[in-house]
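Two complexes come next, and they have one chain in common, chain A, joined by chain B in the first and chain C in the second.
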Partner chain A sequence: MTPFELAEPKTLKEAVALLDADDPTIRPIAGGTALMLMMKAGVFRPSKLVSLSAIKDMSSIETVNGELKVGATTPLAVLERSDVVRKHAGVIIKTLRTLSNIRVRNVATVGGALAHADPHMDLPPVLIALGARVVVQGKSGERAIPVADLFAGYFETVLVKDELISSLIVPAQNGRRAAYLKCTTRAVHDWPALGVAVSVAADGNAIKDASIVVSAATEKPGRLVGAEKAAQGTVDDAGWRRAGEAAAEEAELITDGQGSAAYKKELVRVYVARALRAALGAQ
Partner chain B sequence: MATRTIGSGQVGRSVPRLEGAAKVTGRADYVHNIRLPKMLVGKIFRSTVAHGRIKSLNVSAAKALPGVYRVVTIDDIKTVIPNPFYGPAFHDQPILADGKVHFVGEPVAVVLATDPHIAEEAASLIEVDYEELPAVFDEVEAMTSKAVVHDELKPAGTFPDLKHLKGKKDTNIALDFHLRRGDPNKAFAAADHVFEHTFRSQQVLHVPLEPFVSAAELTETGLTIHTASQSPSFVRIEISRLLGWPENKVRVKVPYLGGGFGAKLYIKLEALVAALTLLVRRPVKISLTMEEQFYTLTKHAATFRIKSAVKNGKITGRDCEVWWNGGAYADIGPRITQKSGFTAPGPYDIDNVSIDSYSLYTNLTPAGALRGFGIPQLVWAYESHTDMMARALRLDPIEFRRNNILRDGRAQATGTQMKDAAVEQVLDRLALRMNWTAPFERGTGPVKKGRGIAVGFKASISPTTSIAIVNVAADGSVTLYCSTVDMGQGSDTANAQFVAEVLNVPAESVKVVHPDTDVTPYDMATLGSRSLYHMGNAVRLAAEDAKAKLSALAREVGVPEGSNVPVAELFQKKYKMQAGNIIGTGSYIPNYVPPDANGLTPEATPFWMVGGTGAEVEVDTETGHVRVTKMISVADVGRPVNPRIVETQLSGAATMQFGFTMQEKIELDGGQITNASFADYKIPSIVDIPRDMQNEAVESEQGTGPFGAKGVGESGTFGVSPAIANAIEDACGVRLTELPLTAEKVYRALREAQGRPLED
Partner chain C sequence: MRTINFTLNGEQVSAHVAEHQSIVEILRDRFDLFGARESCAQGLCGCCTVLVDGTAVSGCLYLAAFANGKSITTVEGLATNGKLTPIQEAFLEVGASQCGFCTPGFVLMAGQLLEAHPDPDDDDIRHYLSGNLCRCAAYPEIIAAVKLAAGRLKAGTT
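Moving on, here comes the complex of A and B:
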């Protein structure tokens, strides 16, 4: 690791001002759980890091107009223990329990977990399924981006290099039920080989509307619209399996150290059906 | 595990580890903590190609970086060590690449600086131009490949069975071991059934949580090396040879190790730090990163073709061909090829046997010993094969084994008679603990349950020597000097128990001096579960020698035989004050007869280790995921010296092999390791290992062992892989023949069995 400058701005505006859209060696750092590994491995050599940890008022969790609002520098472990989050969308808590380990969750932040854009992350698919959006601060002001539109590709977001995520907003779920299933293939605790998040509006076991998101096995997390259509109106295991079939046909899967695309396709088939079953609480 | 003490009550007692408190309070010494005055640290620059000639090496940018003390290449090394090649079997490994590189990650140059970050940065500025050469990675291909790793073979001369390889060219075979007993061809011709299968073990890593680390400093009398090594005596002898110095000018000190598992044997960083220190006349330390462990030593990948003749339920003939992937330098591979190779037919009573075992050079990280010295690779094959035969013959797998098991008094493949090897008891206890004869619940829905067992054995490497010194001070307190390395296995505690048993003092009161070749006597190495037996015998003899001398002292000062006069009073009577010592010495080397032209010998080994595993699994047939719900390890360890440590050695070994069975694999892309980090190379964590793990040492005694004991560090590894594969077939009807047993492999096999293979 070579020397670099560390800036510790006190406000979000100052932080944004310290960034440079054209200089990839200047990056914001929050928990640093991913960035520090990249620096140790020598794949990222910063000239300047802009620490977000001294910024006040960016780590609150509250409900505003029925929506859950989470500050971007909220540590994942704080989110995990929040009653407000539990009441709003319990699936987030359950997901966090499977996310890495407590040492990482104690320092990794909500904003970082999104901005890093590693497809092998657990929160993004869940937040997409819940219809969440991020509020982003740039030099010219604020904009909101649905999490579903945040990811541009493998380790890439639509954020400009001088934009910062300031908060995450999860809309009211209005009785929708959600589940996230993480499938690992190399060890129990591992990056997911496949993540499947679903959120359903249902009457008993009859699905009226489903949001189905896959991640990790794909270049970026994303909804499977065909599978969502196939899930609509299903009431039982046979129907959920049909949704799984549709998902397997639709998802664009990649081969990597965690498995071949052909195998992951089979995992998608099985896990989408299982996730729908889990969301509905059916046996 | 039950306590079975003898005599003084010291052997057989679960003495808490002597070093336990120091370790958990962070006071134990490790080489990583060493800071020497004016010390430089070295960062190794490594090869990026698997096989190539170095056309040019440009270190000028590295040298120019402020803070860099020196950049060293092989040309510099040769000014202090003219012939800089080392190794226990072959003198094939250069201290730094000499004109050629033979694997990705091979050390090419070293940057020295006081600041490790500067050294690292400078190393990244070194440029090399390679002429790439054809490379070979697969052990079977290496037998006949046009790509040849070394231009000429250079056996070290220490082992007689390697002498015929001296100067050989155009070959990758670093040892071919052949054994012929009886008439296998006749047995195959007369058989009711002939079975033939091929199995593969993958390349895996030791990953001690303390990576390799060595430091060297010049002293008034020579050179001192502080190193995390399992073989201080070998390091001293080999460094002396390289420098042309007498042994007594080289001092090797080893504190505790943060794990070794066979990785930290022979020469690793020691020759490099020695040469660097001589070059710059300042202390030099090199500490590898976790990632660099992947470029230092691995376990052998191996392919094993096994063929058996069966007549009336008896195995009458067996033909074994084993190819060991030794990587770019032989390390101890040729010994594994022979010393473990001769057990390839397994613990079965087979009259007609043929073994061909080949040690092969490839363009991969060198391979060496890893907790089992090749045995787990062999058991994986022969116990999978045994189960497949039993299944095909519609015989119960335990009964089939019982019909063929090697019993005491019968000759093993080498012709050496089995003695004190409780193969049958291990099998019996496994069957009992697995509740084998009771009905077994198979599961419902997509999750299927199954169970399997496997049993393996190992011969202790022979002949090897251990020497020990016991020192009784004038107050009666006792100190043991020996070069066994406590790397977490509890050897300090066990050796203290031996001394304590003989001298009738509490084990907790015995001080054990750590390896320091200026102080502690020779020991071959801490490897292959040899220490408890060999060093144990030497320690026992040293303690008995001290005891005899104490008796003589008592007679000399007029104390009657059998009196309970304290030891301190004996010294007082003789020396008129608190003064003097009693020094007891002991040395041990077992009987051994080298194999004849057919690989046969009446004395192949001083003792046999036996280990068996029972596993219960659940297979998710929709995804191929396997969950091992129960794992039972049963072993013959002779008399357990310290039952609690025996238990943790069994469970630790089983856990390690569980990782090699289910998860771990070095992934390669054209000789380049693509998962050289813990993020992608997954060792098992607490959530991976079976919830129900049971460990048992069967009632047994090793007649020639110290107080009936023998080694235990590896026995828990033997049966794990085949027991789980056997359980998977029992659960869902598919057989895997290549490790690790990943979910994708199980799933693909299931689809294959359904006649609709998964298409990529």
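Moving on, here comes the complex of A and C:
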């Protein structure tokens, strides 16, 4: 890695003040697990990193007005062991258990998992399906951004360079059921070729409303509105398969080291139906 | 450059480090501790495992600067007065290593596993050790060693 300065502000305000909207070589660092890989590979050569570790009130998990609020520097492992999270949206816990490994989860943070914007990451599609939003702190104040609108492209977010994610908010799920499935291609790095997150409001197996999100196979994680429409009103395997077909037609898939677009199209077709079935708990 | 102060295997130490250096670099270059070693350099093989305040991290992805004020434990810090831990004894007895390169990481992660799950089932063991790779593929022996150690630790505490 190339040398850089390291600032360790004590408050969120100080941290934001140290960032520069016009200087992409200054970046925040929380757990650093993903950023370290980019720096080691020489893809990112920072002039200054602003560590968020010394900011005290940014690591917390609480329920506020029925919504789950998670501080951005909360380590993923803390989220994974939280009963509050388990009760609010158990799919988050299940997802975390398959995310990288225990050592990475001990260090990597919720905010980092979103700000990094690698489309192969597991949490973003799940949080989109759950209707979550992030609270973002900038120099002139804070704003809320739905996670569904956070990603601008491959490793790109809509955040300005002097903005920081301060917390994540997951709304009450009101009985909605959710699931996340991913397909890894047994490559050494274990990054998925496809991630599918779904959340459904259903009466038994009858889907009233579905949120269907794909990741990893696409440039950025995002909802498939056509597939969601196709899933609406379905009650059985034949219907969920039709939603899968619609998803395969709709998703803008990319070819990369995890597989060709044509291969991923088949994966989407199968995995969307499976994810709906898994969310419903149907046999 | 900056000076960091931390506890290393129970001893207060300090080191002058550059901001971009990882903890595993400092442990090897300044403290001659070679148990943690950088292998994949991506946090997925587990060879660089160290404990920070009792929690396992990948030392190759952890900036040394972040160790300031913390307590770092490496495999060298596990034995007390030359007496190996039950996990280390079990690895030796079962022959849970061939070349031994990955063994410190497995021993430390096995410790994390048995702290959280004193009576682990196969799923628990795989879950905790899935981030550690053994190129000699001594996995059956490693799992056997973890089970042997778990049994002994349990017997010792009851």
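The working rule: the second predicted complex is superposed on the first by the 280 of 283 C-alpha atoms of A that agree within 3 Å, B and C clash if a C-alpha of one lies under 4 Å from a C-alpha of the other, contacts with A are read in each partner's own complex, and residues count from 1 in each chain.
One rule holds for everything that comes next: contacts are C-beta pairs under 8 Å (C-beta built on N, C-alpha and C of every residue); 3 or more make two chains touch, one makes a residue touch a chain.
For clarity, every value in this text was computed on a predicted model and none was experimentally measured.
Of the two partner chains placed around the shared chain by superposition, chain B is the only one that A:Gly42 touches, whereas chain C remains out of contact. By the touch criterion defined above, A:Val225 reaches neither chain B nor chain C.
Touch criterion met: A:His189 reaches chain B and chain C at once. In the superposition on chain A, no contact is made by A:Ala144 with either chain B or chain C. Once the two complexes are laid over each other on the shared chain, residue contacts for A:Val270 go to chain B alone; chain C is not touched. Applying the stated contact rule after C-alpha superposition, one finds that A:Thr2 touches each of chain B and chain C. Once chain A of one complex is fitted onto chain A of the other, the partner contacts of A:Ala262 are limited to chain B, with no touch recorded for chain C.
For the contact definition in use here, the residues of chain A common to its chain B contact set and its chain C contact set are 1-2, 37, 188-190.
The part of chain A that touches chain C in the complex is made up of residues 1-6, 32-33, 36-37, 39-40, 49, 51, 53, 77, 97, 100-104, 106-107, 188-190. Only residues 117, 120-121, 124, 622-623, 663, 667, 674-675, 677, 679-680, 682-685, 687-688, 742-744, 747-748, 758-760 of chain B touch chain A when the two sit together in their complex.
Remark: chain A residues 1-2, 37, 41-42, 183, 185-191, 257, 259-263, 266-267, 270 touch chain B in the complex.
Looking at the complex, you find that chain C touches chain A at residues 2, 18-20, 22, 41-44, 46, 49, 55-58, 60-63, 65-66, 109, 112, 127-128, 130-132.
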